[in-house]
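The two complexes that follow have subunit A in common; it is paired with subunit B in the first and with subunit C in the second.
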Partner chain A sequence: MGFNFSKNEFNQLLESLDQEYQIYAPVRKKKKDSFSANDLITYDLVKSLEEIELTAKSKYSAKEIVFPIRETLFHFVEGEQFMASDTDDKYIIFLRPCDRNAFKRLDKIFLENGPEEDIYYKRLREKVKFFVIECTTGFDSCFCVSMDSNTVESRDYSAFLRFEEDGVSCEVNDQDLAAEFEAQAKEIDFEPEFIRKNKIEVNLPDRDKLTNEVFEHQLWTEYSQRCIACGRCNTSCPTCSCFTVKDVLYDENKKSGERFRRWAGCHIDGFTEMAGGHNFREEYGDRMRYKTMHKIYDFGERFDFDMCVGCGRCDDVCPEYISFSKCINKLSTIIEEGV
Partner chain B sequence: MALTAEKSLKNPYLSQKAEILEIFQETEIEYTFRLESDFELNFGQFLEVSIPGYGEAPISVSNFTDQWLELTIREVGKLTDKIHNLETGDFLYLRGPYGNGFDFENYRDKNLIIAAGGTGLAPVRSLIEYANNNLDQLSDFEVLAGFKDAGSLLFERDINRWRQNFDVLLTVDKTCDIWGECVGLITEHIAELHLADIENTEVIVVGPPPMMKYSIIEFQKLGVPDDQIWVSYERKMHCGLGKCGHCKIEDNYVCIDGPVYNYAEVKEIRD
Partner chain C sequence: MSFNTKKIKKNAFRITKDREVTALRIRVPGGHIDAHYLSLIKEIADEHGDGTLHITTRQGFEVPGISFADFEEVNEKIAPILEGMEKEIGVEIVDPGDGYPAAGTRNVSACIGNRVCRYSNYDTTELAQEIEKNIFPNDYHVKIALSGCPNDCIKGHLQDFGILGMIEPIYHQERCIGCEACVDNCKKRVTSALSFEQERVVRDEQRCIGCGECILQCPTNAWERGGQFFKVVIMGRTGKKNPRLAKPFLKWASRDVVISIVNNVYDYIERHIDTSLAKEHIGYIVDRTGYPQFKEEILKGVELNSECEIADKINWNGYQTGEKI
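Let's turn to the complex of A and B:
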């Protein structure tokens, strides 16, 4: 079902949805970036159309709403364990097709990989409705078309929105919300549009030719000299799902505390360190190789699509100007020309 | 919001309390803890072991029955230091079991050789015990165990008992030998093993990464095909559930796909 809203009508819709949902969207925070005087584009709660940042890419994705940076798993008191409580909050997330597709990757790891579902991810994920922001031009570092994540199927969103000069046109696929949309807007025909060509294109290496011989290539040695293992590529990535579990005891009462998890990244020191101190990838270039293979090969071997969605955030945040899309293209060239 | 018991039960991150029944000192820094257990276990699986407040670590089950299981734990950090201060009657917190473990059917009626380096003996100890009690299910059985020095010898009481039934070749890397037996790296003694009927032989190699690498090379030199070699990999199996990502090697999650692999399937993989 298609609808058209004036800006005012759309704000009335948001006001109405805000009664039941926490609405998250990219916002611009003036001068809040890590570099002075730069704006930070990030996810936060919104109540009006004017708060939503539609002209720039968010530095971080919406992943942290469903997979929080730090999340308490359970509290304990002298060994008795109490699962961390959950709220009744429901969420609406405004996001672009690449980021919606990133959640499909997270779903695979948290809900399908291994013998059990991740109950903490699941209980948040079940309460999320996705509002996809139409994205037909992308940004400078994007390569979603090459990663086949530029489009979204209608069953994967509650609403698909086109933001126009004087209002919003959209499609609604969700019976829970249809009445609220109908109440505010007039019906129109609506067909979602998707970006068909990015400024950057990557050639994915031929899977059959991608053998371990390329692990030894000097391509990775070069990254050892450039990468500083800060892990910004991991934290900005909408599909990085790794975490580390830690315990804390409360200062006030050493018999009680909590076990929590927080984001971990394969570029960061200690990621593979075992008891006794043995590490498996000391060289930063090996970490780049590991991440690259995971994003464009290993994940795809277990599931039926690659992990990387081509959002380009890792390129945007790298302090050493390492480009992941260039890395993929270099790898393809090496493989095509013979290792 | 309070949580129902039913919901808690489905939470794979919560662990269960297990009483310490007995403690055996193995070396200066390694102790074996016998704990009450109702886990259904396979040889070579591991548990996530914790004391709330001090963290959690993957530990191989080093032996088990229907009533108890054993964990052989080296003192290497905050959690294991704390565990080493526990006494009989205290509790550890366990969840699992995790990993595939060794499937005995792969070895039934074969000549089985187990080469273990140091604490690598722990994950194969339950399999060795089973073999010891069921030698009629194997055509031949032999264990080669290597330790850094006499002070790091593990399961001394078991080795003496096993030796009444099958050959256990012991070696220490350094000059101070065990009971006057062979000295040198495990790799130097592989040729002394019963390898006459290679076609009918299966080899299990478990230990630190360099020991495994060079032992496998020795077995290969003696003509053992890759698909008759089995390995158990130790990685940072942090969640045990295939979620946290720390143990992944290429497209393998060691915690769920391993830690036991047929070598032919993993010989190419690299961390």
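Let's turn to the complex of A and C:
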């Protein structure tokens, strides 16, 4: 079902959805980025159309809403444990097709990668509705088309929205919400559009040709020189899903405390550190190789599609100007021309 | 040739070692200049000077080799500079064609600031221009320089007032991944104000110098840019008598406090200056009145922000140049 809203009508819709949902969207936080006077584009709660940032890519993805950076798993006191409580909150997340496709990857990792579903991820994920932001031009560092994540199937969103100069056109695909949309807008014919060509094209190496020999290639040693292991590529990535688990005993009462999980990143020191101090990926280039292989090889071998969605955030945030798309292309050239 | 040297000097022309020859000092408030002014400065150097320019330590230009006979003509030619670089930012200039109305208070210099530099905590040029507007023209000898962060690349520690940008870092534990990049960096490069305890970062407020490095290091924006503050270091100087580095006067001062204290300096000088000297520098006046007197007068009527810390005592030390090394 297609609808057209004036800006005012769309705000009324948001107002009514706000009664039942926490609405998350990319927003512009004035002068809040790391560098002084720069704006931070990130996810936060919104109540109106005007708060939604539609002209710039968010620095971080929506992943942190469903997979919080730090999440308490359970509390313990004396000999007893209590699972961290859950809220009744329901969520609507505004996001572009690449980021919606990133959730497909997260779903695989948290719900299908092993014998158990991740209950903490699941209980949040089940309460999320996706509102896909139509994206037909992308940004300079995007390569979603190459990663086949430029399109979204209609079953994967509750609404698909085209933001226009004087309003919003959209398609609704969710019985829970149809009534609210109908109440505010007039019906129209609507056909989602997707970006068909990015400025950057990536050639993925043929998985069958990727062998262990490439592990030793000097391609990776270059990254040992350039990478500083800050982990920004991991934290900005919408599909990086590694975490570590920690216990804290409260200062005031050492018999009580909590177990929590926290994002970890394969580029960051300590990721491969084990008991006895053994560390098997000391070289930063090895970390780059590990990440690259996971994003465009291992995951795909297991789940039939690659993990990277080509959002280009890792390129945007790297302080050393390392480009992941460039790395994939270099790897492809090496594979094609022989190691 | 006969002229009043005092008037000429006030007009920003120098009495040079060569008779009949002068040099013009051009101010660049905040050290940032629209490039088109360079063509005008070049024209003056070519037509009236010796075709060279000296770049001053205070970020101005000095045009040497000008004949005293030309000085009125040169003044007329630099009118667009006074118009655009002084009047435009609010400095009271009666007639831009008369040249600079004063030279005592020196150009307010600034590091490149947050228009370019990743470390800077504010727009140094903008604040320098605001200060220039308030204190220029003025005959008293006061040197002020602004740095974006405590690195103090502009060397505010050698000025009467060094104004260094501070930022209050606000920690959001819920965004912290415990990578300790901020802690390690603070330990290695700053003051070890951060530690990692109970899986969270703890900031020692006394040790923190507000440099903002932790904010820059963080890969998740767990450190947020909070309030904008300044550290003010005072009475640093070079000179023949007693060179010394400036010492901290205020920490976590607000922008309004910085602007107000700089404005108050001139009344203090007025009251205490030794007029038997050609132009007594403010640092020597403070040596005479003592810091407590200076502090009382300069803070008069200033509404201090609650975060602002003030030095109880200051001992500048430095060294006496006449002593055996």
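Note that in this section the second predicted complex is superposed on the first by the 339 of 339 C-alpha atoms of A that agree within 3 Å, B and C clash if a C-alpha of one lies under 4 Å from a C-alpha of the other, contacts with A are read in each partner's own complex, and residues count from 1 in each chain.
One rule holds for everything that comes next: a contact is a pair of C-beta atoms (placed from the backbone, for glycine too) under 8 Å apart; a residue touches a chain by one contact, two chains touch by 3 or more.
Computed from a predicted model, the values in this text were never measured in an experiment.
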For this session: Examine A:209 and indicate which partner it touches, taking first as subunit B and second as subunit C; both and neither are also allowed.
Result: neither
Exercise. Given the touch rule stated above, what does A:119 touch, subunit B (first), subunit C (second), both, or neither?
Worked result: first
Exercise. Taking the superposition as given, does A:276 touch the first partner, subunit B, the second, subunit C, both, or neither?
Worked result: first
Exercise. Can A:186 be said to touch subunit B (first), subunit C (second), both, or neither?
Worked result: neither
Exercise. What is the contact status of A:290 with respect to subunit B (first) and subunit C (second): first, second, both, or neither?
Worked result: first
For this session: Identify the partner contact of A:264: answer first if only subunit B is touched, second if only subunit C is, both if each is, neither if none is.
Result: both
Exercise. Which partner, subunit B or subunit C, is in contact with more residues of subunit A?
Worked result: B
For this session: Have a look at where A:73 lands relative to subunit B and subunit C in the superposition and call it first, second, both or neither.
Result: first
Exercise. Looking at the overlay, what does A:87 touch: subunit B (first), subunit C (second), both, or neither?
Worked result: first
Exercise. After superposition on the shared chain, which partner residues are touched by A:246: those of subunit B (first), subunit C (second), both, or neither?
Worked result: both
For this session: Pick out the shared contact residues on subunit A: the ones touching subunit B in one complex and subunit C in the other.
Result: 244, 246, 248, 264
Seminar exercise, completed: subunit C contacts subunit A in the complex at 114, 118, 120-123, 148, 167, 173-179, 181, 198-199, 212, 215-222, 224-225
Exercise. Which positions of subunit A touch subunit C when the two form their complex?
Worked result: 31-37, 40, 42, 59-60, 68-70, 230-232, 234-235, 244, 246, 248, 250-251, 260, 262-265, 268-270
Problem set entry | Contact set on subunit A toward subunit B in their complex | 73-74, 76, 79, 81-83, 85-88, 109-110, 113-116, 118-120, 212, 215, 241-249, 254, 257, 259, 261, 264, 266, 271-276, 278, 280-281, 286, 290, 293-294, 297-299, 301-302
For this session: Mind listing the subunit B positions that touch subunit A in their complex?
Result: 1-3, 7-8, 10-15, 17, 50, 52-57, 74, 76-77, 80, 91, 93, 209, 234-236, 238-239, 241-246, 248, 250-251, 253, 255-256, 268-271
